[in-house]
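What follows are several structures.
You will see subunit A twice below: alongside subunit B first, and alongside subunit C after that.
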Partner chain A sequence: MDNGRPANGVAPKVASALKTFLYRIADDELIIAHRNSEWTGLGPILEEDIAFSSIAQDKLGHSLAIYSILHEVFGEEDPDTIAFTRSEKDFTCCHLVELPIGDYAFSLVRHLLFDLAEQLRFEMLENSLFEPLAKVARKVKGEIKYHLFHAVTWVTQLGAKGNEESKARTQTALNEAFPLALGIFEPGDHDDILKGEGIFEGEETLKERWLTALTSIVEEADLTLPDVQSVEPAYGGRKGYHTEHLQPLLDEMAEVFRIDPGAEW
Partner chain B sequence: MIIKSLDPRVTRLEIPAEDQSFEPLAPMDQHETYEVFHQEKRGGQPVHVGSLHAPNTELALVMAKEQYGRRSRTVAIWVVPTSEIMTISVEDADIFETTPEKDYREAKGYRVGTKLKAWKKQQEGATNG
Partner chain C sequence: MLIVDDIWTALKEVMDPEIPTVSLVDLGVITHVEITDGNVARVKMTPTFAGCPAMDYMKNQVQEKLEEMGFDGVEVEMNFDEAWSSNRLTEEGRRDLAKHGLAPPPRFEGALQLDLLNDVPCPNCGSRNTELKSPFGPTLCRSLHYCKDCGEAFEQFKPL
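So, the complex of A and B:
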């Protein structure tokens, strides 16, 4: 090529920023998928067990879609290898998704905080100039709409429509999960490059939108959002520094794969 | 001693092995039931596909979507509290029985075919002539 660009048409500097960005998104999706799937068979009631498990499977699909872009456009390993063979320090997921499932209130509140950010992020990406990602964003829109419908309905049920205990437990979960959720938006060097290329408007913009939307959802649920100025965001995950919960999760997730990595499924 | 399971999630729950005093839930100690209707195409009939338990109507809808809408083509889901459905009780099912000697009430009771043929023939005669 005479413009010096590689076969995928993306300049090296942009490619590197995009890869960082894509790994963050896909790792978040994979780990939250695994965590949420831990409720399968243990959910509070049968109907909810099915719904939450189904949502977890959707998240797994989202991670597959993004890992596939990394594989097909950027020549990274195939999705299974990426998901099952990397060690903790190679993952760039945020701490929010790593935490154990806790009680159901924690899992539901995490689901709300994560999925709201996910929805707004993909909404921003629908018109991204990086078409493979824009395509995924448009494709998963309906699924995420349902995920958020599920999350908001439950949190409102436990808050505004619940009893004293359900409300207190949901509030406790919110207090615990909120600083972790702020880690979703951990800044990085890739941010400005992607912004300049019209690929993504940036984590800061996303965070502002998320806070606005979250404030009204939390109010509607008769809960109190912790003050964003007074909490310490859980950063580090995006740079490969994780909580002690990630490596055991990875071991468990990859246990069967590692018995025979070449097996045909 | 805690219960050790092949499923690591169960082991993590740290359920004491000696404490087996699980009490089954009292009968009817569960959420209300809702009936679910599924529509496959716009303008098509919503078809009753089953029921589910839920704490309220909103959550019934949330769960019905995954329960009944995730496998096949779906454009709409309806949920109705079972208690809101009026029906005739099983003991009174004889209300649907009817005596058979009422041909005049049935479409088959009228021999329209011969009359129709005769009328068509007459019409043909009129145009030909």
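So, the complex of A and C:
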């Protein structure tokens, strides 16, 4: 460290921006994984039960991969400690992923809105100049393709190919989830730094791509996307301000860890 | 004096814990094998799916296998340096999947297109008159299908 640079070769200002960015992504993955897993045993049909459980497992793997970068490159705590011991205010997930599973329409629409953003985000990150993240992006993009395929298939099925009730319930879910989903792209001070370093093109660019892709999926499903200008994005999650639903989830998630931190099974 | 080929041969005997007809070598998860000047065996692996719960188990199996061979040290590392794709499965691996009743994944070029999930040949009767029931199956790496000719449900090892 004689040259003033830390062992990982990342300048302190960039490291701080990267950590903020990585925690946002990994926290989203961890919390949505937990929510998706709540469908295990409750899915409306067996295949859906399995689908949500599988997606949960994948998401957990993605959060592990990113917490591992935080641990190995930036000297943060090990992934289990990060996942199970932080308090609510230290989490920077967006509100969308915190909400309870609701009815099946809400979970499906959330799944669509979230996974579309994930797919586009990781596509952008494949060529990131921060190589550890680019490697994870190249790895998980194929998995997310399956997630998005599942979401689009079912939203289209319930919308364009469904009946009056399924379509109405899916539309209601979309109206409810859309402002929450805009919270995925909550701006932050790290954005410009990462852009300047060639690490990530920024939340605003991602949001524009997401809106374009989402508009055509929603049209195909014969649903109506709320006007982005007329809704209030659910911001705050990225700064540690959460809905009342996050803390109970964290309590439940960490229950075993608190009893026996070294438990294995 | 052990050589690199001895490691490959030994790892052919380490099977996938969930599909015991397929070796880890044929599954394509072994990405690098070397023996250092100090007689240390060094193996790198890549996970099939990032959330695969069998990752640690596979890594330990490889570690144990190498430790039996008489090296002065064994290092096994799992990383994403080379992302796994179903195209990494060997021809033998594909046959071994079929032995377990699984349809092997089709090879693809460029980006994966999921219309590959339709018309998967039925491993029971060979018909292509089949349909996808769900892209998610009993493990992360399998999808569920139905054969309209022989009336059997079957699983495919997913293209990725």
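In the analysis below, the second predicted complex is superposed on the first by the 260 of 265 C-alpha atoms of A that agree within 3 Å, B and C clash if a C-alpha of one lies under 4 Å from a C-alpha of the other, contacts with A are read in each partner's own complex, and residues count from 1 in each chain.
The criterion applied here is as follows: contacts are C-beta pairs under 8 Å (C-beta built on N, C-alpha and C of every residue); 3 or more make two chains touch, one makes a residue touch a chain.
From a predicted model like this one, the values you see are computed outputs, not experimental measurements.
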{"item": "First, second, both or neither for A:T172, with subunit B first and subunit C second", "value": "neither"}
{"item": "First, second, both or neither for A:S16, with subunit B first and subunit C second", "value": "neither"}
{"item": "Partner chain in contact with A:A65 - subunit B first, subunit C second, else both or neither", "value": "second"}
{"item": "Partner chain in contact with A:E143 - subunit B first, subunit C second, else both or neither", "value": "second"}
{"item": "Which of subunit B and subunit C A:T205 touches, first, second, both or neither", "value": "neither"}
{"item": "Contacts of A:K161 with subunit B and subunit C, given as first, second, both or neither", "value": "first"}
{"item": "Touching partner for A:T85 - first (subunit B), second (subunit C), both, neither", "value": "neither"}
{"item": "Partner chain in contact with A:T243 - subunit B first, subunit C second, else both or neither", "value": "neither"}
{"item": "Superposition-derived comparison: subunit B or subunit C, residues of subunit A touched", "value": "C"}
{"item": "Which of subunit B and subunit C A:L42 touches, first, second, both or neither", "value": "first"}
{"item": "Doubly contacted subunit A residues - partners subunit C and subunit B", "value": "47-48, 50-51, 54-55, 146, 149-150"}
{"item": "Subunit A partner contacts - residues on subunit C that touch it in the complex", "value": "47, 49-53, 79-81, 83-85, 112, 114, 133-138, 140, 144, 158, 160"}
{"item": "Interfacial residue positions of subunit A with respect to subunit C in the complex", "value": "47-48, 50-51, 53-55, 57-62, 64-65, 135-136, 138-140, 142-143, 145-146, 149-150"}
{"item": "Subunit A contact footprint on subunit B (complex, rising order)", "value": "8-10, 12, 30-31, 52-56, 58-59, 62-63, 65-67, 70"}
{"item": "Footprint of subunit B on subunit A - complex, ascending", "value": "38, 42, 45-48, 50-51, 54-55, 100, 146, 149-150, 153-154, 157, 161, 252"}
